[in-house]
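Supplied in structure tokens, the structure appears directly below.
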Amino acid sequence: MSDFTTWDILRNLLLAARWTVVLSVVSFVGGAIVGALLLFMRIGKGRAGPAFVKAYVEIFQGTPLLMQLFLAFFGLGLFGIDVPAWLAAGVALILWSAAFLTEIWRGCVEAIARGQWEASSSLGMGYVQQMRYVILPQALRIAVPPTVGFSVQVVKGTALTSIIGFVELSKAGTIVTNATFEPFKVYGIVALIYFCLCWPLSKSSQILERKLNVAHRNH
Amino acid sequence: MSLIEITEVKKRFGDNEVLKGINIDVEPGEVIAIIGKSGSGKSTLLRCINGLETIDDGSISVAGAQLLPDEIHLKALRLKVGMIFQQFNLFPHLTAGRNVMLSQMVVKKTPRGEAEAMAKKMLERVGLGHKFDAYPDELSGGQQQRVAIARALAMQPIALLCDEITSALDPELVNEVLAVVKELASEGMTLLMVTHEMRFARDVCSRVVFMHQGRVHEIGPPGEVFAEPRTPELKQFLGML
Amino acid sequence: MSLIEITEVKKRFGDNEVLKGINIDVEPGEVIAIIGKSGSGKSTLLRCINGLETIDDGSISVAGAQLLPDEIHLKALRLKVGMIFQQFNLFPHLTAGRNVMLSQMVVKKTPRGEAEAMAKKMLERVGLGHKFDAYPDELSGGQQQRVAIARALAMQPIALLCDEITSALDPELVNEVLAVVKELASEGMTLLMVTHEMRFARDVCSRVVFMHQGRVHEIGPPGEVFAEPRTPELKQFLGML
Amino acid sequence: DALATIEKDKVVRIAVPQDFPPFGTVGSDMQPQGYDVDMAKLIAEKLGVKLELVPVTSANRIPYLQTNKVDLVISSLGKNAERAKVIDFSEAYAPFFNGVFGPADVAVKDTKDLSGKTVGVTRGAIEDLELTKIAPSDVTIKRYEDNNGTISAFLSGQVDLVATGNVVAAAIIAKNPPKKPEIKFLIKNSPCYIGLNKDEPALLAKVNEIIAAAKKDGSLDAISQKWLGAKLPADL
Amino acid sequence: MHYTFDFGWLLEYWPVLLKGIGITVELTLVGGVLGVSLGVACAWARALGPGWLRPIVTAYVEMIRNTPFLIQLFFIFFGLPALGIRMNELEAANLAMVINLGAYGCEIIRAGIQATPKGQFEAGASLGMSRIQTFWHVILIPALQRIWPALSSQIVIVMLGSAAVSQIAAEDLTFAANFIQSRTFRAFEAYFVTTLIYLALAVLLRQLLRGVGWTIFPRRGAASRAR
């Protein structure tokens, strides 16, 4: 049995943090794609689409991510899909972040003044054209800060995948703790690494938000 | 045949009947002022003509074509009738020039070069040729409203609907917008405008419509309507100002 | 000894010297109107007297006690001088009655029963005894302003500062507030009010202060100031109205 | 047929612990190592296929097997009747004595002495099931998600005692921790078995055959010497 | 799919579930009340408090908001004993939830305070109230009312996040699911049932918070009653 130096601890945690980063990126990008599809269903015409998305959001925002991970992990397996931990983690995180992103973005679309819809209607544009040329470009701008802000939640959410056995930063932390008997140090470092990943995101979200508010005031 | 024929138009919001049977015929080149108290249904009428609201009863036809509430008919209608709003409603993410170009390119599929030429021309017409590359938030309210007019004109409508287009402007900016409208009128554009500018209505309009509680309460040339109001409601309304 | 003595008061915001040496003595029972153009420093002066702004130079004393910018002196001052704002500033989460009771109970530690009785009395005095349990957003602007007056009165101040207390009101509501103020004046309350209501100033005030560019430009009884303005600035100001 | 699939795919997926020294831990290179890991290697070698190690915890190793994420569980798995209803067990492949362990200054000799104490176990491990059965009612049993949690809880003083395997405690002591888990009493002798899904007679037979052969040719003894520091007990 | 669902274990294990629900509810209530209180205190400190306090509170808020709850939990439960600070798993879970909600609540409530019209502060001051009195009697309630929906969502998020406390053997609802799963090997069913319970708890909690809003913000109630 080998002994861990502080450098070993740090090195192993940083190596595991790569998985945290990969998982975060996958979840966020995947969540954004699924979230965008849901957004179109949600704000589109028709009745079934919006109702489905409402229920979807209610379920994914109304249950713990931890349970979603468990169900993805054990549930998918039941359907004969061989799910490695990373796949279950990815699927659950994607579906989870999609629910939040969809709601964030819906708020942004709805924040666009009614006058923009009416002006573009009165110029003869159809629904898709209005969306494409008038509403979305504006919604996208105001959506950037809260979206970046949410990415912090995704990074932190990946910590829960440790519980279905995926060895990312948190899991590595528990494993290393067990091999070194230094929980204070190890969890301290783990927290620090998370902070280094998340803080730049939080900060840039705040800065973007401030910029946008200033821009708004200039109108 | 009139250019715009409004016949027995009714519109309800829930229990609230806002238009109770409106009849107006607008001849080509006419400039019509619509006046009336707040809540009398002026905006609603304009919005119905532009298809922003569907009517519950009656009919509206523009240049002989009936207004039907499906996408194709609506689009055809809106190509004929432009609308300008109190709040300008410029697209804030586009420059003045791109605001004017957008609908041409998207709706009429005008090639970019042509659309740009048209945008230049229309901005010149409202006196803003030099603001082609300015964003809306770099323009004064009066300038923004003139861009909105240029944007509507670029679609080459046969009539323009204006809903209190100077109400959101500071007093010193009102005239620059009214001057543009006056010029349009003198060039023969058909105009329907809701306005509180009585002097302007008197000087420029061919007819004045006084709306009251969802009905056309009085209608006639401005000389008559302003000088000899026949109903006590109109008298009171004019006295209030 | 005057009730309020304002001596050589100066106030700067950054580079902008807003009050450039103000001298006013207010006798008990006097009603003083402060008039002047926007930006002349009227509000700033009142805010200094109430300790909402600290002065850079000069002195202010109320009933013989010097205004010093520490919590204890400020509190003592504010118990003597009440202030009423243009925007009413009622506490939206409390009923009219509780608005009037709050500061008595919190600041003076008046027992609830007593505070309630006082609140009732003061609301009666401004004609709103029946609105004890109404929330601010259930009241008209004029009623809200009268509650604000009652709230200030409940602290039993020896003077009241009023900053354009009718400017945010619809014209028909102005009079109900002015009537209350008039009555206070006739009961001997010392009042300093910034106002644009010249008629009111003429009828009710004992003296008028005309401020211009941070200075007391003219001061005197309303008859004099309004009838025979001595400076061109005051003439121009009165002509503008 | 799982065996056929394994032979066709040329890979066997085996669940091993990584939080359970000396059966499965990680080295400073974070690679799994230990008794169970070597056992897994042996089986793969004898099957003549590639080995895919899947790290699991006591809590999730059964679901891994049930949902076909792994073919075999070699994770110091103890056998009892309840479990035997759900999965199949091979012959025993390693000795295992469950006991209650604690620091020298805690006076506990048998089950009765546990009264009023707090004991940490790993949820779902055989010692959890056994201790739950025998412990007096005033014992507080804290069940942690995995052995990492159990060991951390003991070392940080969150529990007075832990119930775990003797060799596990020995492995911890060998690393010279701030707090040493000394044996208080044994709960049960429950050798470890390889777990596999029900209705896989071919695979079961094959695994048993490999275990028997390994016992005979001494390769299992070697593993035992390496990780437990003793020969295999004769009665295994 | 060769798996047959079996919910028969519910008969035997419902007391475990019930206890889990009890603990989750307890954690949420304590965490909610104390967390919001801490959030109010921190929001006051950041928006109106003395200069020296602000960077401290800011550091706390940023630290918590940028690290996972699970790690905070491990740090408190496994890490702090190294400094001689030991608490049992429920205390640790409660503490983690309080400091977590405290940090998020701080930011939300601060936004509410900063949206307060300046006139409210001045009205309080001109009536002779001290800064603290003004904050407490005048500013706080309308500020909370302004951000109540956002704060409610955050409380729900913290309730759902409490699922992680099973990791330190706190016997909450998730622990119950894990426990049942380890005894019956009915992982999917156990988690499925538990998830439904969480969903119901989230809906109930949201209703409860709406009710709390109705009672502590009487203005809205009175106004709509009048209407």
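Annotations
Letters A, B, C, D and E mark the chains as written, and numbering starts fresh at 1 in each.
FYI, a contact is a pair of C-beta atoms (placed from the backbone, for glycine too) under 8 Å apart; a residue touches a chain by one contact, two chains touch by 3 or more.
Here is each chain with its UniProt name: A, E = Amino acid ABC transporter permease; B, C = Amino acid ABC transporter ATP-binding protein.
Predicted model, so just to flag it, every value in this text is computed and none were measured.
Taken together, chain C and chain D share the touching chains E. Ranked by how far their CA centres sit from the centre of chain E, the chains are topped by B.
In whole angstrom, the spacing between the mean C-alpha positions of chain B and chain E is 53.
With centres defined as mean CA coordinates, chain D is found 37 Å away from chain A. Between chain C and chain E the centroid-to-centroid distance comes to 45 Å (mean Cα coordinates, whole Å).
One simple way to say how far apart two chains are is to compare their mean CA positions; for chain D and chain E this gives 38 Å.
Residues of chain B in contact with two or more other chains: none.
For chain D, residues touching at least two other chains, in rising order: 60, 63, 66, 145, 149, 152, 156. Residue positions of chain A touching 2 or more other chains, listed in rising order: 74, 78, 80, 163, 174, 177, 183. Interface note: chains touch in the pairs A-B, A-D, A-E, C-E, D-E.
Across the complex, chain A is touched by residues 1-3, 62-63, 65-72, 74-75, 78-83, 156, 160-164, 167, 174, 177, 187-188, 191-192, 194-195, 198-199, 202-203 of chain E. Only residues 50-52, 71, 74-75, 78-79, 82-83, 85, 87, 89-93, 95, 102-103, 106-108, 135-138, 148, 151-152, 155 of chain C touch chain E when the two sit together in their complex.
Residue ranges of chain E in contact with chain C, taken from their complex: 117, 119-120, 122-130, 133, 137-138, 141-142, 145, 217-219, 222-223, 226. Those residues of chain E lying in contact with chain D across their complex are 3, 77-79, 81-82, 86, 88-89, 166-169, 175, 178-179, 181-183, 185, 187.
The touching residues of chain D, counted against chain A in their complex, run 18-19, 21-22, 25-28, 30, 55-57, 60, 63, 66-69, 145-149, 151-152, 155-156, 171, 174-175, 177-178.
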